[in-house]
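Shared between the two complexes below is chain A, which pairs with chain B and chain C, respectively.
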Partner chain A sequence: MSNTTAVPTPGAFQFPEIYNFPPLFTRQPNESTWQEQRRQWCDLILAYYRHNRLYSLTLAEAITEPPFTNRQIHRSLRVDVLRELVDDLVKQGNASWTGAKNAKDSCLVLWRKPEVWASMIYQWANERGLFNTVLTVFELANGDDTVGQEFHNLDSVTLRRALDVLQSQGKAQLFVGTSDEDMGVKLFA
Partner chain B sequence: MMKDNLEDFVREHQRDIRNNPAFRVQVQRMCQLIGVDPLSSRKSYMSELLGVGDFYCELGIQIIDICVATRSINGGLMDLDELLRRLIRRRLKGSEPVVEDDIRRAISQLKPLKGGYKIVCFGKRKMVQSVAREMNSDQAKVMTLAQYTCKFTMEDVRVAFGWDEDRIHSCVDDMLRSGIVWMDEYNEAYPEYWVMAFFSQLNSALTMANAE
Partner chain C sequence: ANEIVSMAEHIATQLNSPAASKLHRKDAAESDEDNAERVDAFRQYLLDLGIDSPVTRNTAGAVFHDELARELCDYLENYVSQCGGTVALVDAYCLYNRAREFSLVYPSDFVQACEKFEALQLPLRLREYPSGLLVLEDASSASDALIISRVGAYIASFGPLTASDLAAIEDCALTLAEERLWLCERAGALCRDESVEGVRFYANAFAAAAAVGAGRGEGDVQEPLWQYI
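For the complex of A and B:
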């Protein structure tokens, strides 16, 4: 049975073998080695965040913690290198800069793309016969009815992105409340 | 007369030859002593008799697969020990066991390929090289220097060989460019250059030991 709750996957995260390689934490001067290094890091970031059900990172804080710090070998990734990696993830649709424009100091890590979350939510609503009902975003994320769904306890910013996708697909309409959690959404066929 | 006896022997023990690597090695040495090379042609009579044509072909394909998959990380250089471990891990349970000798034979069959598959040695380390590249003697010396520590600084090289700065820089640049060495800038004054293939062998040995 797959992990259907939004809690971290049981068991410790399995780091790849290259994680203990000190040079992994230095931006490689050789271009093709750097390409490979980026690939390794991007895969690692998405896998780590997915495993631990984490949705966002603030660069300055993140580099002091795993996966960007490996205490066993006393190495940390530099913030400017992490910034380049996030840019890569943004390009492939797996991250999104948040915070001040062009500041590039915090981001969402979209280990599951908003489109996929969107279709999970839509499918659930369809199965429960909830089209044309107004639901609060809070209910959607935290309500009893969604316990056991992958998007239960989903981070609110990521959830908002998913709902925006549904709205742009003509499958939902969002109603603004006084806060994000007050927001309502109506899904339709 | 000897050849006939050998053929009978091989026919009778075909199963053992496939499943027992030590025995297989002995039989092959016997063949070579008599002047029969079982692998000289895939269609050769002896190769079919020994039933090993497919075995080495399959092994060769698995070796190519592993080398190509890791090339962008290690620059096309892998420790023979690590390759053996990866092959064993990868081969299905119940398939014939492999030993180092089998890898050597499979690789010698791959020589005609453009990939340039061959075994190179640096001190006590035996490596499989899977890219067509001639390592110059300076690089080979540095590789041998780093064989146990997996890494070196430019200062280590200067102390060991007395080369001037330009010569050392040129050597290190070549090694970086070929992708066999990665740089660690933890100590900015004395960056360390790590040979991925050396590290990888050690690390995978440790990982497997811990897993057991």
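For the complex of A and C:
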């Protein structure tokens, strides 16, 4: 379903009041009502995923769980409505379809855009004087040196996206190993 | 049949005569009160029996639809009021044709006459809802704004409503209740909740939330602290 790669932020997620409003879970036919509804959902999805440090979702599984199911009020979002919401998130750069092309059944939730992750990693490397040394992607994500950094224990697909951004900006070079965990990266000024 | 019609006409004339109306005057004798009641009851029987001289193409010629429109309004106005200001067109048509009995009106003529109500400034209106439902409405009392505020008030008192709830409250047909709820939804006053229990309408909390959020800037979901490279 979703990758949990870190301890969630302390404290349960605080749902907004509208989360217990049953119409939230019905696709509204009135266009301007829908605009507000989709805005509420997109905000909620990103906030929930950020709070729980979740990075990806598979639509068919996700709708049976919070936040897309609210057991208190016995309502669930329909999968086609969720698909519409993810399309919106993709448009605003906060999601990316994965899996089979045009299948639209799984996606990354980019509650922090890859460019921002890239910036954090680059800044950390600069501070530690790690330019021009080869690091494994594994130690970047999970090594002792990165404990306390935001990107520590970052989901591997999202991390790869961030490193791709750095590479396209000419600030890094990726070395492909036998798997993603074996991959190496060299950052430079 | 024409004999019955002319007999009814004759009786109607007598009922409307000055002698008959004396029975209703304040200084009438007590025994006259009973008579007055009987006269009224008889008038009602005549009305139920039918219209005494219906408009036909023969009688009206070129202004047939105009005259028909006037007759329709005459006949249907009270009925529409009693039904809460709105009546399905098919119901009005059946009622009216039953009253005409022997010189029935074609549906097309009926509709054409109804379409003239507004132009002739008669007190009823023909209205078509987006779903295709045709109704006759009291020109004065059925405006959208009134429906929206009424339904809003019901929801404030009774909580979220289904179409059958509204039909029970307003004592109207289910299809009409649905149209009213959809009208309020189109206007943004209500939003819907669909579940296995059916469709229920709530006051539109999204609109309220949108109003609150109007002052909010773009990009608040993103963290403002980090710079892009």
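The rule is short, and it goes like this: the second predicted complex is superposed on the first by the 182 of 189 C-alpha atoms of A that agree within 3 Å, B and C clash if a C-alpha of one lies under 4 Å from a C-alpha of the other, contacts with A are read in each partner's own complex, and residues count from 1 in each chain.
Criterion: a residue touches a chain if its C-beta (ideal position, glycine included) is under 8 Å from a C-beta of that chain, and two chains touch if they have at least 3 such contacts.
Quick caveat, the model's predicted, so the values are computed rather than measured.
Overlaying the two complexes via chain A brings chain B and chain C into a clash. After overlaying the two complexes on the shared chain, residue contacts for A:Asn20 are found with chain B alone; chain C is out of touch. Of the two partner chains, chain C is the only one touched by A:Val116; chain B is not. Applying the stated contact rule after C-alpha superposition, one finds that A:His74 touches each of chain B and chain C.
When the two complexes are overlaid, the chain among chain B and chain C that reaches more residues of chain A is C.
When the shared chain is aligned, chain C comes close enough to touch A:Lys171, but chain B does not.
Once the two complexes are overlaid on the shared chain, A:Asp43 sits against chain C while remaining clear of chain B.
Legend: residue contacts after superposition of the two complexes on their common chain; A:Asn30 is shown touching both chain B and chain C.
Within the superposed three-chain model, A:Asp145 lies out of touch with both chain B and chain C [touch as defined at top].
In the superposition on chain A, the residues of chain A contacted by chain B and by chain C overlap at 18, 21-23, 25-26, 28-30, 32-33, 35-36, 40, 74-75.
Interface residues of chain C, counted against chain A in their complex, comprise 185-186, 188, 191-195, 200, 202, 204-207, 209-210, 213, 221-223, 226-229.
Residues 18, 21-23, 25-26, 28-30, 32-33, 35-37, 39-40, 42-43, 46-47, 74-75, 94, 112-113, 115-116, 118-120, 122, 165-166, 169, 171 of chain A touch chain C in their complex.
Residues of chain B touching chain A in their complex: 72-73, 176-177, 179, 182-186, 191-192, 194, 196, 199-200, 203-204, 207. Taken together, the chain A residues at the contact with chain B in this complex read 17-18, 20-26, 28-30, 32-33, 35-36, 40, 74-75.
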